[in-house]
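Here come two complexes built around subunit A, the first alongside subunit B, the second alongside subunit C.
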Partner chain A sequence: MSDSSESASVSLKIEFSGGLELLFSNQRSHKLKIPAQVPKTYGDAASDSDNKPADITFLIHYLRDNLLKERVELFMENGTVRPGILVLVNDTDWELEGEGDYVLKDGDEVVFISTLHGG
Partner chain B sequence: MSCGNPVSEEDSLMLRRTKYDKTRICGKCRTNVGNVVIRHAVYCKECFLPNITTKFKRILEPTINVNGTRKKGFKPTGNLCVGFTGGLGSTVLLDLISDCYYSTPTNEDVLKGGKDHPRNAGVWKKATVCYVEICNALPGTRDRTEEVRDVVEQYKHFDFLPLRIENAFDDMWWEKVGGQRSELSLKVDIGNEELVMIPQPIESRDPVAALLAYISALPTQTAVPSAIQNLVRLLLLRTAWSTDSSHLLLGTCLTSLSVSLISSISQGGGFVVREEAQEEWQPTVSSGSRRAIKVVRPLRDIGMKECAIWAWWRGLKVVGKESFLGGKQGIGALTKNFIVGLERDYPSTVSTIARTCGKLAPKDNSEAICLLCERPAQPGVQDWKARISIRSFADPGLASPPPHATNVVSNKTDDLSGPSLTPYLCYPCHTTLTSRSSRGSTASALVNSTPLPVWVAPQLDGKGIVEEWGSRKMERSDMKQSISEFLLPDEDS
Partner chain C sequence: MSPRTCALCATNKAMLKRPKTGQQICRDCFFYVFETEVHNTITQSSLFKPGDRVAIGASGGKDSTVLAYVMKTLNERYQYGLDLFLLSIDEGITGYRDDSLETVKRNQQQYSMPLKILSYDELYGWTMDAIVAQVGKKNNCTFCGVFRRQALDRGATVLGVDHIVTGHNADDIAETVLMNIMRGDIARLGRCTAICTQGEDTIKRSKPFKYAYEKEIVMYAYFKKLDYFSTECIYSPDAYRGHARVFLKDLEAARPSAIIDIIHSGEAFEVREEVKATQKVQQTCKRCGYMSSNDLCKACTLLEGLERGMANSGITDRARKKLDAEGPAPENIRTIPFYNPPSSTLVIAVEATNDGKPSTS
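What follows is the complex of A and B.
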């Protein structure tokens, strides 16, 4: 039987690139821990019966509320990342991993890259 | 799966469609698990990188040789000039050029003849990377020249040449790049739709002050990024000419190209839609018989997502560039928001925009060249404008001007006190200088004496305009009037 405290949180490495780091204390790399089980609807109180494993949608909301310092509209729109921001999970496009529904695992690396400074 | 109520029946919720076709295995090698989805196609990292290189070379290489073939290698007729903005596309462009045409194998056995042997030299003898700093056109923005220099100097084969946007109003810079000297300096009354030209004696002026006067005289928010873009483009072209370059490469990716095509067409640039993708340019006034510069956008088949993934996997540092799309309601900003949103939800549509525009061609050709942007100008534009719209609140067709128009100025052409610049401009340039927003003008009060970029006046020298200012035969009555106090009275009167 596994120790419940080991699965209580998930450790992640978050990277920001393409100018996004300016919104997150000008820091490119962040290490954080998020709960392994989260409410199905972000913002609801935690309960034993109505939870889901932490996914990228939860992570995006979590970053907005805990790390983002300014200009929410440059990072998030309609419950997901703003158009023009790419997300890589362990060096793989999140579109291959189910986008916001990807369930985060301990040690995952999530990269947010902004493409909005043109070409 | 039923079509019932998703609230009560969990199974009735429609499955979300995947962003990729078929499987997660790479569609190219069919072996590795994919890392990225590009327009519904899946690529692994090992296949993605060469795919980008292939697309880049497919656009660029047919333009290198004069006859378009490469049977006997690449022999460009001049040097290379690369326009660098610090943005994502131009950063990727620099990396691709370096990697494809200037990379030196580290294994000495491979370098037969030594690293200086012509066999191992780059395709172009000299490669200049040109950056135009625009901070003086947008007060409050920072100067990024040194950050850009740090990025460019990582590539040993490139010479860095920084410019400033105020060079467009700098006579010393104009002389340095071999520009033809004009006999008179030129200002224009932007408040008058006919753009009456005001001759001025040539005197030294502060380029930054002249630039700010030009920008602040523009009538709308949309006009500012259009004008800045035009100035940057001409600065790059003139610099490429002065460095004996046969090619000017720009880092416009597919997404940026689609944005600029729609934005340009929205502002009346349909006649030059082909030139937005690729063009050949030479100065209107030039000496010698040098071949035209080819302006190529080798990333025009590569989307912004692909550029971002390339930059991330290659560890490239992107300086970034100022966003100056004319505010949230400017045409540029609205277009970009629309296209970027489209790319996320319907990625194939963005390439459709560029592909469709690439098939368009104007019905009539034109020999006329716009003095401001030096691109083909559609003939008969002013007559067409006059026929299709009410462009002045003094128009007799209006019962009364709208409430916010407090100064209704007559716009009749008989009031011209000098030659008009309007006939020498293309539709989008004329619109940039004269279009009025329905919310009122954003221009500063002093619009009746606006300086113009240094390349405009020399082009007028051969059109009889300067000669008209320089000397004009007086009427006999005027001559008599001017010397009347010295004339002896007639003995008969």
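What follows is the complex of A and C.
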């Protein structure tokens, strides 16, 4: 692995709970690496001119396409997580961190908790 | 972006935004305000008095797990003087309730509270697995809901408690308000926001989390690392409630105060006396002694339908007529053991209407 690809990726710890883990191979904790720079519009080909730093909106799409195993409608809606899913970045409510616009840093821990399950 | 400081203590880093107020607060202040608001709900409604025996309806899910933890905390902090118990109902759903009951058993150890588990099997002779095998997945929530309500009261009688508290939160209550409006169920709309309900004879039931947002309950459980179980029931969830819930979550995303606003709307409805007068008077079930608005309570009706292989008779009037046309209930069907309610006022009425059943005095 070259130096440039090292510096161009972000390592993250992802956790799913509250029942969401069932959509992700019933595994609560995942470690992954995503590119530090991503296309502004998700799904576009990478280009030097139209990039942005990887943010949580990108991460949500990335999880959908790479880790999610079933029932996407229980995870995503209108380009973000479904209402009723709480997101925490390093144990802080993502509503205090700019929600989807939060730019991910190396070593960040992102937790997704579903509140939709009854008791 | 520099971290924001807590709006309450102005010292620590804010870690969550309260949906009710929009305030940005730190973890410790969150614990304090969450617990204090529940305490205020309890004291403003005078829910308990010292010496009360209180059962927490415990499913192992997030709401009842947080409720058990908070009730224990507040009982110690403010010296309520309550005897607390955990009461769980085992509906007999393999792969769902059996797992969640393991969580309740751990809670029993963690919170050192006595636990009583009462099963549909021992009370009705039917597990939900057996019921679904007969009725299918369409109407099974009706059976489960009716059976659970009565099972909780009967479990509470066994424990000798005065009061059952449940983990219903603000989101649940707002959902119920919406559902009652959509169904035109004025009677339920009038009482669904009450924090405490009590027939003259039955055990009190109340909802200390009536004003607690689901988001905060989940955050509380997460920050406190509480042990709870989260799996959807394997039988079809109540579809109508599901629609109300998704609608409510969409409203909350647009305007977080929507949940509390809907509860306030529900509280402000006033049912006119002449409307109330058309509602059925409560009596006791001729077969099992439980409170009922007909000769037979809903649970006995549903059970008779199951026993006679005509399960829908408890659900639609048409099917009920068909069942009645088949003749009276056979002698040999399973029935629910006779209910001995905790208060004496009812006992007299029961004895007067009940022939040949065990005495309740």
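Observations
In this text, the second predicted complex is superposed on the first by the 112 of 119 C-alpha atoms of A that agree within 3 Å, B and C clash if a C-alpha of one lies under 4 Å from a C-alpha of the other, contacts with A are read in each partner's own complex, and residues count from 1 in each chain.
Heads up, the rule we're going with is that contacts are C-beta pairs under 8 Å (C-beta built on N, C-alpha and C of every residue); 3 or more make two chains touch, one makes a residue touch a chain.
Every value quoted in this text rests on a predicted model; they were computed, and no experiment measured them.
With subunit A as the common reference, the superposed partners subunit B and subunit C clash.
Touch criterion met: A:G19 reaches subunit B and subunit C at once. Of the two partner chains, neither subunit B nor subunit C is touched by A:G43. Shared contact residues of subunit A, touching subunit B in one structure and subunit C in the other: 17-19, 83-84, 86, 88, 91-93, 95-96, 111, 113, 115-119. Those residues of subunit A that touch subunit B in the shared complex are 17-19, 83-84, 86, 88, 91-93, 95-96, 99, 111, 113, 115-119.
For subunit A in complex with subunit C, the residues that touch the partner chain are 17-19, 22, 82-84, 86, 88, 91-93, 95-98, 111, 113-119. Note for the complex: subunit B touches subunit A at residues 18-20, 24, 34-37, 42, 45, 85-90, 92, 251-253, 255-256, 299, 304-305, 307-309, 311-312, 318, 320-321, 323, 337, 340-341, 343-345. The residues of subunit C lying in touch with subunit A in their complex are 1, 4, 13-17, 24, 59-65, 100, 167, 214-215, 217-219, 222-223, 228-233, 237, 245-246, 249-250, 252-253.
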